[in-house]
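In what follows, structures are represented as structure tokens.
Here come two complexes built around subunit A, the first alongside subunit B, the second alongside subunit C.
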Partner chain A sequence: MRTDSMSNGMIEFRKELFADERDDTLNEIGKPTRRQDILGHVTGRSPFYDDHLFHGLLHMRCARSPHHAARIRRIDTTEAELSPGVVRVLTGRDVPLNLNTLLSLLDFGIDDEPVLSTDRVRYRGEPVAAVIAESEAAAREAAAKVRVEWEVLPHVLDVEEAIRPGAPVVLEIYPGNRFVYHGRYDHQKLRFGDVEAAFRTADHIIEGRYQISPIEQAPIETCGAIAAPETNDRYVCYTSTQALFFSLATTSKLLRLPSSRLHFIGGTVGGGFGGKVDSVHEPLAVLGAMLTGRPVKFMWDREEEMQVGGPRGAERWYIKDGVMRDGRIVARKFTGYFDSGAYTRLTSYAVIKAVGHLPGPYTIPNVHADVYCVFTNRTPATAMRGFGITGVDFAIEAHMDKVAEAVGMNPIDLRILNAYRDGDMKAHRRVAKNCALIECCQVVAEKAGVQLTSASRAASSRQGGGGERGRIPAHTALDQVGRVEGFDTGSYARKPARQAQATAARPAAAAPAPAPPQPRVPRLEPSRAASAAPPIPPAPAQPAQTGGPARSGPIRFSSISGFRRR
Partner chain B sequence: MALHRGRGFAAVNYPIGMNLGGDPSQALVHANPDGKFTVSLSSIDLGQGMKSVTRQIAAETLGVPVEDVYVDTADSDTGPHCMGSFASRGTHRVGNAVIQAAQEARAVMLEAAAEELEVDAADLVTDGRGNIHVRGAPSRSITTMAACQAAQFRHGRTVSGRGIFLIPLSEVDPDTGEMTPVSCFAHAAMIVEVEVDDETGEVRVTDMKSAYEVGRALNPKLVEQQLRGGAWMGMSHAAWETTEPYYPDRAHGPVDFSSYLMPGPGDLAPHHISILERPAPDGPFGGKGPGEMCANPVLPAVVNAIYDAVGVRIDELPVTPEKVLRGLRAQGGARPRKRL
Partner chain C sequence: MVMKPVALTLNGSFRAAFTAPGQNLLDLLRRGLGDLTPKYGCGQGGCGACTVLVDGEPHLACLVLAEAVDGRNVETVAGMSGATPHPLQEAFMAHFAAQCGYCTPGFLMAAKALLARNPRPTREDVVEAISGNLCRCTGYEPIIEAILSVAHGSARA
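Let's look at the complex of A and B:
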């Protein structure tokens, strides 16, 4: 039955499954061809960014905040500049455009994060100055001599404390400590059917709370970049980035430099796992090369990689299921909190990815989710393997085990009973296709000697879906909870203003009274607080933030270019 | 005091490619005069095998042996734009761009061959070993090298191609969350066996049995490498790793690998992998990209196995001996479930 010849007891290819959907007679596809780069890797000769050393290479190290939150009264670099071997000390004033949000290249979000903070720090480890010196040791020594007068501010570290009224505000542009979606809500909603009505008909209600702590990507090669002036009025940058043009475009934007003057080289990276997309190093390394005229390396050491490099962010999830006696899940409700840390980076996007994933690989007729991107005074989170999905999959599958116990079912039978199949309607209102969850469950049960019911053994992803399961519910309960005012309709994708066609079936609990009509304001200047918290005066303007809207970078590398009128 | 064994199950799916789309990747392919091809990308090989999988895709599409193709990655002066290697998008997005570029180059090569053989290009096929011949008449053939030479030195044509792949950007409805997140999904299911020490609270993963559905396995060795490494990472996420052990308190944050713990070779559990291949309709040769999802089922399977072994629910990751011991103490000792 198992036709694969490569099976060695630890791995097998179940070619008999879905065989009619494949042509297995190709020449190169499906062959275990040896990697073209393997000889270099196993002999230690593949060149990584840190192997591109230059004569006269300078080294950059940052001076960082020891506080979770503080106002900067003064940064004194005098002593650092006099330290032996120091060539130059950079502060925020040296950065041409000292404010960015990573996804501005996708036209998503508001610029919120300085390269080097000038007025305020929002997490322990936030950089305030960058020392450039003849050796790493000299740079390290001088970075310790940067004197900062701090005014320590209250901070908040817990996602649910952060969204309570009166919590310390992490980021002034988001006074409720929540990212604003579509200019409308302080979270992303998913509404499919009516969970509350379904809960009333369910035999069991099963609730749970789950949490995953931050995790380090832990690549062997720490993040970094080496930049050098080229003779043709350009700058070359060797980088560990996972996204070459993302890093190039970010550098171009922050340094106000046309992309034609940047030559980025990478492509062979010592492990990424999501931790090398933040483009933290390239702008500073190139800026250092510009201001010193010499090659500059900016590379994290292991401590920085672990404590100031963006981790997989923490998540907290609440799940409530309505389940029938026979194991069918008829309603599932989520409340999710993604801990973004002090700035947005990519967490706003992780939330949308997670929402598109709910309720997991199951067909559930009523689904409701409120998922929040919450700002706290910790290291900004970023991408990691399974981004936006790993945490909620942990929650869903730990919860499924509880559901199985509550209804007295084998946990694999429970999964197969509820599994999505070809033709089913998913909660994000697209039809499922190319499903294979049932077959994976069956193969594992067989391997582990778990006895499934005959119905589970006979189930197929290709049969039994669609029909009633393929329809959007006739009625979906909508609400206005979490409505905010004063933000322009910024969104991942601009949506033409349209009225929600389904009628709101439930009163808008906790929704603020409709605000009087007010003139449209630029998205950069939220005119009203998003929560009940008193308005916070805006932070002092960034010195380099002049010259037009900060978020319009010099170049965009996305199909969304031109998608939006400015 | 005793060791308790338990088994836990989890099943997941995983969205392939950047959510909502709007993330193009491009590829350029060209041949030397002797019919050796270069694929130019700005995509990144993180160790996952980007260069190798795109090389196989290009060779398959061109109809030449894989030895005749090399992939050059990530020089912004020579490689066309790519959004990057993240979100399980490399194989899916870049692979499709490479197919398009290779098809264009192949068409030029076949036209040159047709002219040399004085036949219609539509009647030509490649054998994947460096020859082009008339369909059904293997003796009427020309090598790919001769065809590329003829194209460049006799017909004055460049054997090259451009490719781009884009899934258009999806909107997201603020009120309902309606959206088109991605175009295909990978799948996985797993049973994990653990051993829980009720004296120390330590948890050891002793065996993993998995089934991963990855679309077509474009290179089975690269797939295996991803699945083994990824499952190891999942196991590490479940019971070892965090930068904030007392989250949300920031105290005791690790700063090196002696305080940031990960399982070493001695901690690795045997992992019995079954690979299922249901080709993705829009994936390159049906490929999906197994890289991210393979870690995900391990985390819940481990906590479910701990419950099976001692009756303690660990709902906050990572599992630590402290959490296990507190759970055991709260319920007055181990209460094995043995349901699976």
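Let's look at the complex of A and C:
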């Protein structure tokens, strides 16, 4: 039999904790299982995107900016086009819609990033032309022959320098080098109680500054895509993407092709960690296949992966705590800066996630946060394993240690004292439930041989919460700092022109309404069959799908769960 | 461009192909001979994903000129299993020694070469043998355990 790491002591279940909240009729958890794709992995037969052979495969390689910021006076592809083995050289003029922001698919943000820039570059390595050639070597040689006349512009590489008055503007649509949320504020705010009043009554004021550098995901398989014309007027695209439908819809948008003409195949990803969601390769590979009629591979080499692959962005955090002598944190103020790099991509969303996470898993009655998505002339940042949370968690926990030192407490005791208890009100006005930080701290202390106070040992997530701690403060100090006037949100849903165009472009949508789906009868589990099943109401008649009335507004991320439910 | 013929034994079969000047073994195997099991990770000998055996010794296929394997015996993961998986493959499955699977063929080749020259390696020997292979999903510990289990005859899954 296979060995079981869980019984080897690598994982230990503490089933006595919250035993009454759980029924232990679990079939999978706690038992080893074999992943379904592992036979493919150990035989080398798992089909990664580059494991598809095409006759006549062409190779694409980009010519890139050597400057952090520059105006493009002229792009001359003549010499590159004459280079041996070159089939075609693409510039931004070949891209049907040469401007995008990833979250436009969710009606969030303004299109800001070209596929191939025609007028300006905003980070080192930004692509300005894509050479398609018979071999990788020929494409590489020709890409070096794309001549660009640059007018070098001043650049800015630090978040706080970028928001100073007079700093070079990275993106013209965001003149303050800050993403604008919902057309109203140049940052995300969290206001709960009154931190300034609480600071005046606190015994200690403890401040800290924390930062992380960008981190490249560095998957062993570099990002890429292969696209080829099919015989049915569609294009097949094998891709390394972690977000297949994101890549499909982005390609559909940028190439102005209905998604029904795109046949995307993915799902076997050679390591992603967030770095394969940007949908950079698929649009260019498909465009190459469209314009040459041949299969085209666009694959980053390792150097490109490291230089232009979107990393986890840099972050800088300032934290100021008001703390009582006994260790209670009564106020916490954050100022945070996320380095989005030269374009938005997903950093606007990372900031929302971060703010939803504040002030960490601690009940603090006064919280204030201003968190900025800042543009700089660095490689655009993107997703990576818990992005939005990881950096600020590092800052919060480093700061907790600093607070513990200042008040002379054991850091674990300090955490238990301030931890969320069930029923506590969080700073974003949701009630904490199913808390378990205290129990985790107690187990950690035991394992590490740390002697906790008797109060810490006796503490429980289920005791001491709620009541006064469960109330929203009677007074919350508000302000208009960072208010932006007259800013167009750029929402798709609000653009009448696009509405009309979308309706016109999709006549099939107004065709006969599909039959309403049959209500699904839930399968009753034996254990639940005894209780009377509620009557299943008939499904409401489905309205016919038409161009429809305009939606009332853009979908917004809620501060907590990502999307506002509709 | 002058193409050059090469003839080699690939996983026990006699194969021949034309190589272009400067073509590396990885490209010959993948594009020329259709063996897609060695992977491209860096093209600079840094990651080990393209590790294959040439006359039994592990080599980085991205750094070997294709014409250099003329008359040689090349082995890849494609030739590892017969009707049933190789004990190393069984061990990698049993020990969860693959996550995304992209680096796995390289690790298997490095492990196979190790066990061929040293059937009873120590843990240090295993670590040394896979030191040229990178796994970004952080799987080194299960990989080491998997290789050791084969060496110590406890690999039956």
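The rule is short, and it goes like this: the second predicted complex is superposed on the first by the 474 of 566 C-alpha atoms of A that agree within 3 Å, B and C clash if a C-alpha of one lies under 4 Å from a C-alpha of the other, contacts with A are read in each partner's own complex, and residues count from 1 in each chain.
We adopt the following convention: contacts are C-beta pairs under 8 Å (C-beta built on N, C-alpha and C of every residue); 3 or more make two chains touch, one makes a residue touch a chain.
Only a predicted model underlies this, so the values are computations on that prediction, with no experimental measurement involved.
Of the two partner chains, subunit C is the only one that A:Gly40 touches; subunit B does not reach it. In the overlay built on the shared chain, the residue A:Arg74 is in contact with neither subunit B nor subunit C. Once the two complexes are overlaid on the shared chain, A:Lys353 sits against subunit B while remaining clear of subunit C. Subunit A has more of its residues touched by B than by the other of subunit B and subunit C. Of the two partner chains placed by the overlay, subunit B and subunit C both lie in contact with A:Ala218.
Touch criterion met: A:Ala137 reaches subunit C, while subunit B stays clear of it.
Contacts of A:Leu53 after superposition on the shared chain: subunit C is touched, whereas subunit B is not.
Once the two complexes are overlaid on the shared chain, A:Gly270 sits against subunit B and subunit C alike. In the superposed pair of complexes, A:Arg378 makes contact with subunit B only, with no contact to subunit C. When both complexes are overlaid on chain A, the residue A:Val159 reaches subunit B alone and has no touch with subunit C.
Residues common to the contacts of subunit A with subunit B and with subunit C across the two structures: 34-35, 37, 41, 218, 268-273, 302. Residues of subunit A that touch subunit C in their complex: 1-3, 5, 34-35, 37-46, 48, 50-51, 53, 135, 137, 217-222, 268-273, 301-302.
The touching residues of subunit C, counted against subunit A in their complex, run 20, 22, 31, 34, 36-44, 46-47, 49, 76-78, 80-81, 85, 89, 92-96, 98, 100-105, 108, 134-137, 142, 145, 149, 154, 157.
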